[in-house]
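As structure tokens, the structure follows; a few thoughts come after it.
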């Protein structure tokens, strides 16, 4: 592996930013300040970070209902995201989208998506554009273990194989779709094998290990850029919170999350690895921790200070005439 | 194999009836007498016959746009079908359905379907009913090589595995979906393997050989009846005519159909096998040939003689009030 | 009579019908919940909004079926099970999701009876939570009952209170035609008197929530609740209105609407959907063609704007027609 | 000016736009055809109705994309490609098939611009063959433009002649919003004069096919053709009508309709769809609210019945509104 110091710092910063963004939202939601309902990405940070690390703004991602991590990893403005989640003016979507619809196409971020399975067909479309530009860029479809039972996702996979487009399907297997375990909802029990059935290489990877995800992504990129078509990565991961905020999670064994917070915390594991292999001075990580907390504080303060969108915004950004 | 003489006669009669039904339609359509557009099953008869031979009226099938063969094999009234295709009173659906919507639920025939991929979810639903009655009966989803790229079909397969219902997916691989070859439209090139990816056993079978299809169906039935869930059969077959009547078929190599009519004609192959293994006196087959021709003649005559449905039928069989 | 929420009224109807008729099954995502979970606890959910609570413990996996996220398979399976003799009640978690299973609804189950020449019926009920008002964004807040009202062969039910919710759901389950049953999320906690025993409310019979002289107000779904507030407001100025809740938009009780307009000569229609090809426009057209002679003023139509549902609380408030807009329309129609 | 069919006019528009703008791609089932076939011949189809003929030989696999039977992936891919800077023209072979890809149409591409705060557009054109009249049965004969007209964010085009077909399609491709472009199967062979060069027709401008005094007739799609016959018939009795073809139902040219009704005081609307939540009812509602003062008679609405499209020729003939029914409505509105 050949991650530069800058890349390592940046990877950690992305993961830490996601973590603190979500931890802070967890608190703010409990305080009742945030409208709607929100799905937190805590626990899965290494996936977004590892997949997006090698991408530029000319690469695309299509995201899910649990999209904050993908947005941050793909370079969306954190304050703009926070304002969006608060439903305020100055939000990335002017407050019209909300948590489940954050997008920034200028960054190659094609949108979170509140329809499970909505994103992968879109990602394949962007991959057609990449193919026609010579397979230098790629398009990533994020999805969960539950999402991959939606017919649209299978269609997208087959179409990507047929058209040999540089699409990377990332099925984040966090064990649950809402209140249902993956061993129930995926009949075969094996998401990656299903992708192989569609005719593309697929691998499972430790989704709490940034380095493992990053390496898998390197293999995926090499495959896609060679013009050989799509690739699947199935990161095995977990979510530290409920499906949405307020979920009592009685489908999970007592202590499951506590254990996973010990063993599957990508930040801890990154720090351990960095320390063991002396990749960076730990002080660098500490400095990032401090900077990130300040950034999140500032984002929340900016969101709170931002006004709600004026009623006049209701009928803009859409063709309207009647 | 343990097919009784009665079963053998019946199998041949089913195949011959389908063949003559379709050959006759081919002529009648050319003469302009039949409204709409029609997809002929000629060439695939052994599939419908082999799959449906062991089924009773308490077993279910969901069919496709190319449904005449399935209907006949499942015991639909041939004269009623013919009237339906002519759009006449007395048709199985009173003339309201047409070729692509022939159904007879009393026979366990849940309908031809003009939406590619429409049938398999329905078949899984009927399989739930079968499961709840103890897995004695089964439910068959027919589909083509093209249909199995429709998301609904994948969803149906996964759901059947999850619920462990006695559903049998029969993907009749006749090499083409409309003007496109299966090697293009199925990215992996392997339909049966895709089913395996979903977690069910799947086998390819010679779809021009009644005996081979029948035996595969026995294995599928044993699997389903044991409560182990769904099964896939992929019969390799061909269609002797175009996608619909009028298709110039310039996507097929010159002579392809002529060769296949020699090598892949299930009637010829059945007759050869019967002769070789002395399963039946050939005179029995000849007698069936004669009887079938008479039956088709009678069906066409009845259809021609039947009146068009009266306008008063337009607004019956549907809730209507405004 | 016990006073219960609309949520409980719907749950009660499901319990009573499953008890009465062993052919009734329930299927959908997390209608029980907990399958495959590490705690081993089933019925971790009982429906994401709690509507199917208590069913799985009583009727088990055979009749209360958790599914993967595969709406086409859910609706198709419901349709196939219905053809095979069961009476499925399928849940689409949010009505907005009909987009991923529309074919099974509109081309399959809605058409079987007619396409098959009346020789079969397809008694499926599809329950779906709908509506704006809780900042769920553009893909979780729509009403979309106009799509369904447009489809021949489907019946469309929109209850606005616990009593109607129970009686209409039991009717839906016993009905031989497929029924779309829309539950407004904001009305789940709404309370009202509900008889303990099972009862049905026939489809196509509007409910006259208020009687008056001056204006006919037709309000769909949650709009009926807001219309009551508007009626209270104008009552202070001596304006009295008929307030009609159609309860089912297909079949639609045209007679009640037309009769009322005959008396009042003035019509206000209130609908949470965007205007184009809405149920509001549909009813307006029916009156403009069949009740034209009664009309003494332009029909006032109050709908959401022709936009997706915005997320921001300020914008969503401006989006959903509220009592003030309804009141303004009532005053306008009297001008 | 050359006289060509509507089929050729559409084909010409596709050729000219692909030539002009390298970002334009075409995708769908058998838009070329022949991929994977044993003869090796590509463009075995050029679209099942021949609308995309000649494109694949010129622009190849990169820009003329045959797809498996996966409509959700087709529309989704078109949407994603549009976000990534292309201008896709997707083909849904029969409009009826929107059921299997409705989500991508109504929740995704239609909503992006608004949901994303106007920071992106999604310039997708979806072409689809629609309509009854050739005995294709209930799942291959629907119009369904009312579903699409109902969706904020989508534009809806329904050409009725070759000239409009070409100009509206070019406008659709150049438009930054997603456009549903409906082609009536029965109109493909319809002939008319079409300029050789590229031109656009703005959306939201109805075309006044005839001008008259007594009645305003608004006719959608193929109904405009039948309405001309009806107008010929009543002309013999000295009845003269405005005949308005809206050309686009979203945006809808309300002004032209309202102005005409102001002159005539009488309105007949003709629509091939079933009545409930139809475009016919939609237009009637608009006039009943905004043009009520002009109306001197009940609006006459001519639609198909509230049934699926029947297969039998006799029944389908009775289903589709024809010149006789339109004529009767014109006479009735004058009573």
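Just a few scattered comments:
Going by the order they are written in, the chains are A, B, C and D; count residues from 1 in each one.
Criterion: a residue touches a chain if its C-beta (ideal position, glycine included) is under 8 Å from a C-beta of that chain, and two chains touch if they have at least 3 such contacts.
Please read these numbers as outputs of a predicted model, since none were measured by experiment.
Among the remaining chains, those touching chain A and also chain D are B, C. Common neighbours of chain A and chain C under the contact rule above are B, D.
The most distant chain from chain A is B, comparing centres defined as mean Cα coordinates. Distance from the chain B centre to the chain C centre is 39 Å, each centre being the mean of its Cα atoms. Taking each chain's centre as the average of its CA atoms, chain C and chain D sit 30 Å apart. Each chain gets one centre point, the mean of its Cα atoms, and the points for chain A and chain B are 45 Å apart. Chain centres here are Cα means. That of chain B falls 35 Å from that of chain D. In chain D, the positions touching at least two other chains are 68, 70, 72-73, 96-97, 99-100, 103-104, 107, 114-115, 137-139, 152-153, 250, 252, 276, 286, 305-308, 310.
In chain A, the residues touching two or more other chains are 91, 93, 95-97, 101, 113, 115, 118, 149-152, 155, 158-159, 162, 184-187, 318, 320, 322. Taken as a graph of touching chains, this assembly is fully connected, with contact between every pair of chains.
Note for the complex: chain A touches chain C at residues 35-37, 87-88, 91, 93, 95-101, 113-118, 146-147, 149-152, 175-187, 250-254, 256, 308-311, 313-315, 318, 320, 322. The touching residues of chain D, counted against chain C in their complex, run 72, 96-100, 102-107, 110-111, 114-115, 137-139, 146-147, 149-150, 152-153, 250, 252, 273-274, 276-282, 284-290, 292-293, 295, 297-301, 305-308, 310.
Those residues of chain D that touch chain A in the shared complex are 25, 62-63, 65, 67-68, 70, 72-86, 88, 103-104, 107-108, 112-120, 152-153, 155, 177, 204, 250-252, 254, 286.
Note for the complex: chain B touches chain A at residues 149-155, 157-162, 184-190, 193-200, 229.
Chain contact summary for the complex, chain A toward chain D: residues 60, 62, 91-97, 101, 103-106, 110-111, 113, 115, 118, 120-132, 139, 151-152, 155-156, 158-159, 162-163, 316-322.
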